[in-house]
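Chains: A, B, C and D, in written order; residue numbering restarts at 1 for each.
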Amino acid sequence: MTQQRVRVGIVGPTGYAGMELVRFIAQHPYMDVSYLAGSGAHTGPIGDVLPHLRRLSGLPTVSAFSPAACAESCDLAFVALPSGESGAIAVELATRGVRVIDLSGDLRLPGDVYRAWYQREPLANEVLARAVYGLPEVNRTDIAAASLVANPGCYATAAILALRPLVGWVDAQRVGPIAIDAKSGATGAGRGAKQHLQLGELANDFYPYRVGAHQHTPEIEQALDGVFRILLTTQLLPIPRGIFVSAYVQIDPDLAPAVHARYASFYESAPFVDVLPPGHVPHIKSVAGTNDCQISIAWNERTRILQVFSAIDNLGKGAAGQALQNANLMCGFDETMGLSGTALWT
Amino acid sequence: MTQQRVRVGIVGPTGYAGMELVRFIAQHPYMDVSYLAGSGAHTGPIGDVLPHLRRLSGLPTVSAFSPAACAESCDLAFVALPSGESGAIAVELATRGVRVIDLSGDLRLPGDVYRAWYQREPLANEVLARAVYGLPEVNRTDIAAASLVANPGCYATAAILALRPLVGWVDAQRVGPIAIDAKSGATGAGRGAKQHLQLGELANDFYPYRVGAHQHTPEIEQALDGVFRILLTTQLLPIPRGIFVSAYVQIDPDLAPAVHARYASFYESAPFVDVLPPGHVPHIKSVAGTNDCQISIAWNERTRILQVFSAIDNLGKGAAGQALQNANLMCGFDETMGLSGTALWT
Amino acid sequence: MTQQRVRVGIVGPTGYAGMELVRFIAQHPYMDVSYLAGSGAHTGPIGDVLPHLRRLSGLPTVSAFSPAACAESCDLAFVALPSGESGAIAVELATRGVRVIDLSGDLRLPGDVYRAWYQREPLANEVLARAVYGLPEVNRTDIAAASLVANPGCYATAAILALRPLVGWVDAQRVGPIAIDAKSGATGAGRGAKQHLQLGELANDFYPYRVGAHQHTPEIEQALDGVFRILLTTQLLPIPRGIFVSAYVQIDPDLAPAVHARYASFYESAPFVDVLPPGHVPHIKSVAGTNDCQISIAWNERTRILQVFSAIDNLGKGAAGQALQNANLMCGFDETMGLSGTALWT
Amino acid sequence: MTQQRVRVGIVGPTGYAGMELVRFIAQHPYMDVSYLAGSGAHTGPIGDVLPHLRRLSGLPTVSAFSPAACAESCDLAFVALPSGESGAIAVELATRGVRVIDLSGDLRLPGDVYRAWYQREPLANEVLARAVYGLPEVNRTDIAAASLVANPGCYATAAILALRPLVGWVDAQRVGPIAIDAKSGATGAGRGAKQHLQLGELANDFYPYRVGAHQHTPEIEQALDGVFRILLTTQLLPIPRGIFVSAYVQIDPDLAPAVHARYASFYESAPFVDVLPPGHVPHIKSVAGTNDCQISIAWNERTRILQVFSAIDNLGKGAAGQALQNANLMCGFDETMGLSGTALWT
C-alpha cells in the first residue's frame, strides 16, 4: 500500500521553532513542506534568513500569511507565532478544515487562568475547548483523534515529564509544594532582537527571571491533574538551546526504593523518554537537536527529598520536535517519523 | 604613622585560586608578594604559565615549595593546594610562626565528618582545633585573632551567605529540609586537565554531579549552626567562573514581609554583601572577578516558599578574594584592601 | 536487486572522529557497525563514555583492538587513532584484505616530508605508495578504486577546497606566496585532556599556535600540485567545532570577473561543496555537524587581492564525514549516503 | 602640591564604551565623574541598566544630554555615541571650552574619505581640522596639546600598532599590499539589540562581514602615513570582547633578523604595548579588561612573509581605555593613571 503524503504548512518558519520544523520535516518520509508563511517581514527563499537551510531543496518560498492560501495548500499546519497572535490563526485554520498544531500558549489554559498569567485577553472558551493538550506521553489517544492541538510549553514539557509518574502514585497531600529549578538556553525567548539576549550581555552570565510569575506554572499544575502545588523558577543559561529541570519532591521514604521502577515502567512505551540507569544524569548536550527527554532520579536519604532531573531541547521536545510528534499521531504515522536524529556531543 | 608592610607567600600560585591571589595582592597597598612556590612542576617566572601576569613587576619567581624558605620569607601565607595536600602544609607553616590561610577543605570539618565526606584520612583533632573558619560575615572577630584560618569552600560560601540571616530568626523546626540548587563555572574544579572540563565537552552543556554527595554539604550545615538539614545539588555551568545558588525555604508566612529587612540589616556592615532591592536578581557577571556577593529574596505566596538567590565568583568570594579578606582581618587592615575592583559586564 | 550490506569497523570510536563515524554510519542505509575497538582504555558500551550515543541500538561493545578480530568482522574499517599509531594499523588491516580509511596524517605525505613536519619516523615508502589521498573533489576516481585511503587533514581540507579551482587556471608564478589564515574549534586537537583546552582556559580567548610549523602545510601544497607556496596560520577558536579559512591570493586582475564562474563550475558536481552567491559568506554554524563545505570569494580591487573564504566542520568534512564519503566511493555507493543531515543553526 | 582634580563628563554612559569609561575613571586618582548623560532613553541611576556598576558610589544619575549642563559641570568630556551623532556633539562641547575626546569615527578622516566609507555626510573641514588623532604611541605630543581628540577605531588601533614600526623602516614599494585578517568580539558592534548578535545566533559561529568595505580601512592607511595599501578583513568571534589581528607583510628577507629589535625599541617607552619575546603569541584573554596591547612577530622563511599578531580589548585600548589614556595626556597626568588593572585569565 502506498502511504498518502501529507502536505504541511508552517506559519512562522523564520523563528526558531519554525526553523526546526523545516529541518525535521525535511527528514520525514511522508510529509512535504507545501507552504511557508509569516508576518510578511521576510519573504522569499528561507535560506536568505537562515543560511543553514540554503541547500534544502523543494521548499516553497516564504510568503505573507493568508488563511485561504494556507488552507488550500496544506493538509496540516503548524502555527509557530508569538502567544497572542498564534492561537487565533490556528483556530481559523482548523475551522477551514486544516489539522493544526499551535505552538503558542494561547490554547493551553482555561480563559481565566490565561488572563491571569499571560495578562492578555484569552480566546473564547468554546474555542479553547476544541484544543487538545499535545503531550503524547500523557494523552496520546486524544491527540491521535484531535484536529487542533495545543503544543506544550518548553519548560512545561520538561517539568511535566519529570513529575507525571508521581501523579496517582504518591500521596500528594504529604508531598507539599514542589520546587522546580529550571534553566533554559537563550533560544527559548525567541529570535527577535532583545538587548539582554545579545551575546555581549548573556555570555558568561546566569540569572533568574520572571521569579514566581512564569506563565508555564499553571500549565504544569494542570497537566499534573492539579494534585501538586509547584513553584517554577526559570533561569537563563548562556547557551543557545536546552532546558534542564531539577525538581525537589518530599515523598514518603517507603516509596523511595520503588521510584526508579515506577519511572521506567511509566515511560516504557514512550520512544522519546529515556529514564537513565541509577548513577547517570541527564546532559543538555545529549538531547540538543533531538526530540528526546532524559530523566534521572535520586533519593536523598538525609533530607528525604526525591530529586528528579530532566533535560530536553527547548526547540525539540520543547517545541518543534514535539509538534511533529503530535502531527505524526494525528496522521496515524509512527510517532518517531522524522525525529530519529542523534545529538551532537560537541 | 607608617604602615608596616606584610610579606606574603602563596603556595600553589599557578592554580586558579593562587593566580587570583597574585592578582589581588598586586593591588594591595600594604602587602608584597615575597614568595611563590608550588609542587615544582612549574618553576620560573609566573608569566610563563599565566601570560596575563607577565607584566606584573616585582614578583618572585616560582620555586619548589620548602617550608623553611617560606617561613623565612613570609609573614603570612596562603596555601592553595588540593585538599589532602594543603592542610598539612598550612599547619606546618603555622607551627613555624607564619600566619596562614588554607584554601582547601582540610581544616574546615571535624575529623569524622571529613573522613565521611572526603573519603580521606583527616588531620589530627588537636590540629583541626587550631583553625578558625574564615567566613568574615559570620565570625569576623575570631578571624581577626586567628593565626590559622580555614578558608570556606566556594559553594559553601554562596549557600551560607544566602541562609545565615535565617538562623535564629525562623523556627528551624518548621522549616524542614532546604533544597539548595547550586551551579558553578568550570574553574571550580581546578586547573588540572580533565576530559570532562575540556571546552569541546562542557561547552553548550549543563548537568549535575556528585548528586547528594558533595563535600560542602556538612560545611554548610555546620556554618548554619546545625539548625537546618540541607540538600546541596551541584551543577556545572559552561562558563569559566561564577557560582549561583537558588535556595528554597519553607518559612512561616507571617515572617515573609520582614525578610528583606532582616537580610538588609544582617549584612548592613558587610562591605562585600549586597542585598538587592526587591525586583532585582543577582547576576554572575556582576560579581565575576570581585569579592562581592549579591543576594536577593522573593516570597512565593502560592507555595509559601521563600526563594533566596546568591551569586559569587568561585575564585573571588569563593576562594582568593575571601582569603585576602581574611588576611586583611588577621593583619588589622581594612577588610576591603586590595579587593575594590569592579566587575566587567561583558 | 538487493544491496549487499557492508560490515564496518571503527578503530578509535571514543575519540571525536570515531564518535562522529558512529553517528554518521547509524544513518547509512547499507552499512552496519560491526566492530568497535580502541586501545583498551575504555571497553564496554560506547554510551558509557559518550552519553549521546546511549540509545543507538545494535552497536557492538567497544573491545581492545585486535587486527585479526577486526579483519574477521569487517569488510571496511576506519582507523581514527593519533598520528604515529594509526597508519601502521591501517596498513596491517589493508594487508589482511580489509578496505581501510586512515584518518591520521601517517599516510598522506612522502616519508621525508613526513619526517620533517611530524618529527617522527615515517612508514616505509612502499607502504606509503599504496595509499590514495582521499579528497573526492580532487581525485574521486582514484578513491573509488582504492583499498587504502589516507583521509585528509581538517585544515588541509578547508584550505585545498578553497584554492584548488585556481590550480591550472591562474598563473602560479604571478601569484606569489598565499597566506592562509585558518581558525579551528577545540575538537581539532582531539579528546584527550589538555590544560590549554579546558573551558576555563580557552573560553573567551583566541590565539595562534604552531606558527609557521603546522604539519598540514606540506599536505596543502602537495594537493595543490606544488604550484603554490603557502603560509598556513592556525588559530584556536573558543568553540567546539568548525574550521574557517581566509585565503589571500594576488591574482591577475583580468581574471577577477571570471573567478566566481570558475569556482561554480569546478564544484558543479561536488555534492558537498556550496559555492555561495556573491555577497554571501560562509558560516561555521551552517556546516557544523555536516559534511558540507561553504566557499565564497571576493575580489578586492584596491589591493588586487582575491579573498577566498571556506568553512567546514573539522569533524565532518574535516574528518569523519569525509571518511564516510570516501568509504561510499570505495563501496560503489552514492557518495552522500549517511551524510544528508542539515546543520543546527543554534 | 595638591593635584587639581578634573571633573569628567561621559556622554553615552550606558553603551559599552561609556560603561567602561565609568569603570576606569572610578579607579582614577584625580578624576571624578561629574556628569553622565545620554539620549534620554535611560535616565536615573546607572546601576539600573548596568547592574555591575550598582555599587560604585558618588556617580551622578544619568540625565538627558544638554550641552550647556555638560559644559558647566565638566572640565573634560568623553563623547561615546554612534558615528553620525557623536562628532557634532564633541565639537559643540569643545567650542564651549570643554576638553573633549570623541570615540566615534566622525572626526578621524578627511571629509571626502569619510563620505566614501561611512556613506554619510561629514562635518565641515574646518571642524575636522581641529581634531587630533588620538593614538598616543604615534603622536603623544600632539595629543598632550590638543583640546579635541578623535579616538581611534578598535580595529584600527590593533592594526596600526601592529604595523607602525614598519613605516619608514621597510621599503614600502617592495612590500606590496598587506592583508590584515582581523577578528572581533561581539561588543565591537555596540549595545543596541541586533538579531545577528543574539547569543542564539552568534554562539558557536564565526564569519566575516563588510568584506572589503570596513570603514577602518582608510583610518589605518592614514595612520601609516599612506605608505601601505591594506586589505582589512573583519570577522566576528563568538565572545564578548577582544580583537585579534594577524597581518601578513612581505618584507625584504635581509630585514628579518632585525624586526624584533625594531619593534621592541619602537615601543620601548609605550607603557601599554608589550612586544612579546620570540615564541610567545598574544592572547585576547591577556588583554581583556585592560588598556594593553600584545604584539608578536614571526618571520616565515619559506614564504618570506612577516607575520605580525596583535591583541587588544576592543573596549579597552580599542575604545575607553585609549580614550582615558588620551585624557591623561591632555591633563598632564601620567598616561597610565586609572588604567593599571590586570586581566582576568578565566
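Couple of notes before you dig in:
The rule we apply is simple: a contact is a pair of C-beta atoms (placed from the backbone, for glycine too) under 8 Å apart; a residue touches a chain by one contact, two chains touch by 3 or more.
In UniProt terms the chains read A, B, C, D = N-acetyl-gamma-glutamyl-phosphate reductase.
On a predicted model such as this, the values are computed, not experimentally measured, just so you know.
Chains touching both chain B and chain C: A, D. Just to note, of B-D and A-B, the chains joined by more C-beta pairs in contact are A-B.
Farthest from chain D, judged by the mean position of CA atoms in each chain, is A.
Rounded to a whole number, the gap between the C-alpha centres of chain B and chain D is 36 angstrom.
A separation of 39 Å divides the Cα centre of chain A from that of chain B. Multi-chain contact residues of chain D, defined as those touching 2 or more other chains: 16, 185, 187, 200-201, 203-204, 238-241, 283, 285, 288, 345-346.
Considering their complex, residues 16, 185-187, 191-195, 197-204, 238-241 of chain A touch chain D. Those residues of chain D that touch chain C in the complex are listed here as 176-177, 179, 181, 183, 200-201, 203-209, 211-212, 229-231, 233, 235, 237-242, 244, 246, 248, 250, 281-285, 288, 298, 300, 302-305, 307, 309, 311, 345-346.
Residues of chain A that touch chain C in their complex: 16, 19, 23, 26, 50-56, 185, 187, 203-204, 240-241, 274, 280, 283, 285-286, 288-289, 292, 315, 341-346.
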